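Letters A, B, C, D and E name the chains as they come in the text, with residue numbers starting at 1 for each one.
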C-alpha cells in the first residue's frame, strides 16, 4: 500500500530540497563575495543549525523544553577528539589519561563513528529515563543531565581537561563537510517529522491520553525521538571539534543551551523550516549587533559604542516572539506550505 | 431586556454569524435553535464578550460595546457555557463559590447549600475535585454555578447535554421555575421539543442567519422544525 | 608603511568572565601614550569586540582583526580560547598578549606566539605560602573547585605543597562550587578539625570570598584566610566597611602591587582624572599590555608582528605601568615578576612581602 | 555528634532558603502554569534597588528592607504586565521559554546598567549573628529564614484554600476566561499572584543579601534553578510540595558534601542531580502530587 | 467478543463500578445507559485500559486485557471516543485520523476511512485544525479517528451529545453503515433514549456503579427499577 516514503514525507523531501538550496545559496554567496573570517561564522552557524534541527526532533515534535543538548554535543566532541588526536600530541595534552586513552589514534571517520556510537548509547540510557517522565520532569532531568555531564567534564581533568583546553585535535573538517551535514540533517529531520513516529509524537504533545487511546506507545515514541536527537547533537559536536581543533567543557553549558533554544523558538519549534530560519536569523542578527556594538560609521554617522548588546537582544527576541507569535515565525508550517500555498492547507489557526 | 441587532461574530478571519437581530424581553425565555455550526454558541459568546463581534447588543437599553467580560457579568449576564467549563482543579463547593464570587451579601453559603440539595448527587460530592465528576455531574455543576450569581439574564448553552432523561426533566422543570420567578433566559438547545415547551419565543439559526422566528406556539412540538433543519447543515 | 599601531581585543565584556577583561586599562594607557605623541609618532588604535564567554565569537572577531594587520591581540583568558586564537593569529605572525593569564597550560609550548604580562599561578601560591610560613602557619586546609580550571583546582595544591615542604601539614581538602552563599557545611568541617587550622587557602573571587571570610569569623575561627589574585578586587576591601577586623587575618598573593600608593593605584587615579575610570586589578593590567607592545614596536622600529615579538622577547627590561620593568628573556611566554603578597591593616591594603619565590613546586 | 547536629542544622537552613524561593515559583505556577525562571532576576533587582537606595538615600536597614520588598513586588508586577500576560494562554513550554527570555534580558540589563562585578550592599549583614546553642553554632539568619518560610507557607495555604481571591487564583490556572465569565477581574487575580511571588522574592532577597553583602547580575540564577528543581521534586504547583522539595535539596546538598569523599568533591553537584533524577523517575509528577487515577478525566 | 466479569472500581470513597458483568457479542450494538454518575464512562476507562479494575476481569476473545496499558488495548482492537473531546489540536483533521490509522489492526480495507470521511461529511474540513470545527463535527471526527484503528470493539461515549434529532438520526444511520462496512461490536453510551433504543440490540443499565438490568431494549425499559432510577416517570420512550 505504501512505498518507501509516505506522501507527507515526499512533500518533506521537496521542502528539504528548498531549504538545501537556501543553504547552498548562502555558501555560494560566501564563496563568491565573502571574507575569510566569515567562513568561521558560517561554520559556527551551521554547527548550531545541526543542533537546533536536532532539538526540533524531540523538543519541537514533542513540545518539551529540554536543555541537555550541549551535554551530548560535548560527549561527542570529546569522544571524537580523544579518538582522533595523534598519540604524540595526547602525550602532551593528556599526560595522565587512564585506560590508555592517550596511547592510540584513529582515522577521523572511525573516530566520528565511535563518537556517534558512544553518544547514542548514552542517549539510549538517558532515554530510558526521559521517555518515562512527564512534562516538567523532562525539563528537570534534562537539566540534571547537563549538570552531571558538565561536572564530569570538569572533574575528570585527566580525561577532559575540564575548563582547560584539550588541544591538538586534527582539523579535518571544512565548510564543505558541515554544509553536507546540515543538508543531511534537514532531510533527516523532515523525514522524521512526517514519519508515523513523528506524527505520533506530535499527537502525544497535543493530548497524551488521546494518543494512547489511539494506540500510540508514548514511551517508545519519546525514546526513539530522544535518541535520534542526541545523534544530531553528536554530529554537531564532532563537527565542532574537527574544525576548531581545541575544545573544553566551557562551551557545552547553559549559555550555549540558551542560544540554541532561542534559535529554535524564534523559528517555531514545530517545524524544521522554523529551526532553519530561526538559526539563520539569530546568527545573522548577532553578527549585525556585534558590528553595531563597536560603534561603526554608518552613512557618515559615527554610531556610539554600545558593547554588550547582543545578550540583551537575544532575550528580547525570545520574549517578543513568544508574545507576538507564540508558535514562532513558522508555527506549524513548513517551507513548502508557504511556497505552494496548497489547497489542503495544513496551517493551523489558533 | 436584551436587544441584539445586526450582529456579526468572528473567529479570527472567519465570520460565523452574518448579521442577526434578536430580542429577549424581560422575564421571558427565548430559545435559540439550530444545527451544529449554525452560530448559536458564537452568538452567546458575542453577548458575554468572549468573541469579537460587530453590531449592537443592548442590555436594558445600555450598549454593551466596550464592556469587558467581567463588566458584562456584573451587569447581570451569566452563562452556563458549552463544554462544561468547570474548574477541574477545584472542588465542587469551590466551583460554586466561584459562581458567587461577585456577591457581597451574606447568603452565599445558604444558596450553595440549597443548590447542593437540589442536585443531591453534587451534594454527595461536594469536596470531590470537579474534574473527576461524571459528565452529567459536571453539567449540573455548570448550571448551578451560573445561577449562584443571581443574574438578571441567564444564558444556557445546551444545558441538557449529557444529562440522563430524568435529570433533563429536572433541568427543564428548573428552567420553568426560574421563568416563573421572573428570570430572563436565553436558551440554546438541541433538544428542540423540550426547548419549545419552556420557551415563549423561538429563533431558528442556520449558517449564521436567523431563518425563522416566532412565538413558541407557532412551532408546535418542534417536529415541523426538523424538516426545516434537515439538509441545512453543510 | 603603517602609521598606526593596531591592537585587537576580542574579550569578554559581558558574561561570566567580564570582570577579568583588560580593556579599560588598555584604553586609558593607549590614550595617555597617544596624547604624548604616540609611539615614535605612531598612534595606537584599539579594536574592541565583546565576545561574551564564547570561543567561536572570539575566533571570528580575531579573524576580522587580522584583516587590519594588528600587532597583537588579547582575548578570553582561558586556554580553550587562547590556543585556537593563537594558532590562527600565528599564521600571520601576530602574538597573543594577555594581561592576566596566570594559568599554567599556556606555557607548555603548545603555541609559540603567546605572551602574558604576569607570572603563573604556582608563583603566587608559593609567595603566599612563604609568607604564611613566616607567620608561623603550620596546619592548613585548602578549598578546591574544578570550575576555574587549574587556577581554582591546582593553585591551592601548590600552596599546600610549599607549606608541607616548609614543615606544615595539609589537614584537609574541601570542595566547593561557585556562587556559594552559605559555607556552613564547609565551616562545620573546619570546626571539627583538631587542632584548629592556622590558615585556609582558596583561589576564588568575590563575592563568594567575602561571604566565606564573614562566616568563618562568625563561626569563631581565627585562621588566616589566604588567597590569590581573585581576591584582588575593590569589593573585598568593602568588607572593611562592615567591620575592619574582618580583614585583619586575610592576605593574598597577586599579580602586581595594588595597595594604596602603588603604581596601579596611581594609574587608576590618573585615568579617573582624564575621565576613563579603571576599576580593579585586571582592568588595570591592560595598561601593561599596551606598554609591552609599545616597547616592542619602538625597539623593532616597525609594526611587523614577528619583529615586535622578537624584540619583546629579547629585551632585558621592558618598562610597564604596574612595576618598574619586566622581562620575557628567560621564560619566553610569561613575565617573571616579583610577586606581591598583600594584606590589610585597619582595613587598608598593605604590602606584606614582595619576592620572586625560588621554591616554586614543579609544574608542567 | 556535635558535628552531625551542626550539619543537620545546616541542611535545614539550606532547605529553608530553597523552600522560600520555591514557594515563590510555585505560587505563580499554581496560578497560571508559568515556570517563572525570571524569579531570580526579581531577587537580583531587589539587591540592586537596595544598593542604589543604600548609597543614594539612606542606609537605615528598615527603610532598605521596605525598599527591597517594594522593588521586588513592583518589578514582579511589571514583568507580569509586559511579558507574561501575553503568554497566559500558552502551554507550559512557551511560558517557560518566555521566562528564560525575561531572565536573559534582565541579567544583561544589570550587566549594562550596573556592572559585571559585585556591587556591595552590606546593610543587612547584622541579621546574620552566630548563636551558640550548646555546642552547636546557629546563625540567627537561619532561624529567621526558617520561621519566615513556615509562616509564608501557612499563610499562603490558608489564603488559597479559604479566601475568594485564593480560590479564584487556582481557578484561573485552568480556565482564565471562565473566571472572567464569573465576573472576577482575572487580571487582578493574576497580578495578585505575581505580587505575592514578588513579595516572597523580596524576602528571599533580604536573606540572600544578609549573607552575601553584595549583588551581581547572575546572583539569582543558581538558587532559582535549585528552587525550580525543588518545586518539581515536591510536585509542581503544590505549595507544600515546594517546601518539601526545598528541604530535600537542602539535605541532599549538605549530605553529599559531607558524605562524598573530598577527592570526588567536584562531583557533588552531579550527585545531587543524580539523586533528583532518580527521585523523579520514581515519582515523575513529584512526591506530593496525588497518585489518584484519573482515567480520561481531567 | 468482549466480556466484563465481576469488575469493580473505587476511587477513594466512591465506588464508581461495583461488581459489573456483561458480554458484548461479535457485531452487536450494545447500549449502556444509566443516570449521571452511574459509572458508564468509568466502565469504558476500565475496558480501554485507562483504569485498572480493583477487582474482576475483562476479556477480549478470552484474552485478559484488564492489566494492559491503553495503547496495547487499542492495538489489540478496542477503540474508544471520549466524552470530553480529546483531539490533537495542532494536527489537521486528516492527520488526527492518520495517527490512529498507523496502528490499524488490519489494513484489508484501504478505502474504509475515505468512505467514512465522505459519509460523515468531514471531507471539506480535512485540512483544518480541530479547533475550527463545530462541536458536532468534532464528535464525528472522534468516531472516525477511533474507526481508523479498525477496531473489533468500538466504545462510543455519548457520540450524540450536542446533536439535534436530525443529526442524531443521521449518526444512527452512519453507525449502521459503519458496522456494515466494518463489522465490529459497538458499546454505545448515550442519554438520547430514542437513539439508544433504536440503535442497540442489547441494552445494559447501570445505576450507582451496579448493574441494574441487561437484555433486550424493550424488556429493559419496562423494568420498574430502570424507570425509577433513570427514566423518571414523566418520560416516555
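The definition used in the following text is that a contact is a pair of C-beta atoms (placed from the backbone, for glycine too) under 8 Å apart; a residue touches a chain by one contact, two chains touch by 3 or more.
What you see is a predicted model, and the numbers here were worked out from it, not measured in a lab.
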Set of chains adjacent to subunit C and to subunit D: A
From subunit E, the most remote chain by mean C-alpha position: C
Chain whose Cα centroid lies at the greatest distance from that of subunit B: C
More contacts between chains, B-E or D-E: B-E
Separation of subunit A from subunit C, taking each centre as the mean of its C-alpha atoms, in whole Å: 36
Gap in Å, rounded to a whole number, between the CA centres of subunit E and subunit A: 44
Rounded Å distance between subunit C and subunit E, as computed from the means of their C-alpha atoms: 75
Contacts with 2+ other chains: residues of subunit B: 132-133
Of all residues in subunit E, the ones touching two or more other chains: 11, 41, 50, 82-84, 86, 132
Where subunit A touches two or more other chains, by residue: 151, 154-155, 209, 213, 308, 311, 349
Complex interface listing, subunit D residues touching subunit A: 35, 83, 86-87, 90-94, 96-98, 100-109, 111-112, 225, 228-229, 232-233, 236, 264, 266-270, 273-274, 276-277, 280-281, 284-286, 296
Touch list for subunit E against partner subunit B, complex: 11, 14, 33-38, 40-41, 83-84, 121, 124, 132-137, 158, 161-167, 191, 193, 229-232, 234-235
Residue ranges of subunit A in contact with subunit C within the complex: 35-38, 40-41, 44, 92-93, 95, 151, 154-155, 157, 162-168, 244-248, 250-251, 255, 290, 293-294, 305, 307-308, 310-311
Subunit C to subunit D touching residues, read off their complex: 13-16, 18-19, 144-146, 172-177, 179, 181-182, 184-186, 188-189, 191-192, 206-207, 210-211, 214-215, 218-220, 233, 235, 238-239, 241-242, 279-280
Residue ranges of subunit D touching subunit E (in the complex, touch as defined): 292-293, 295-298
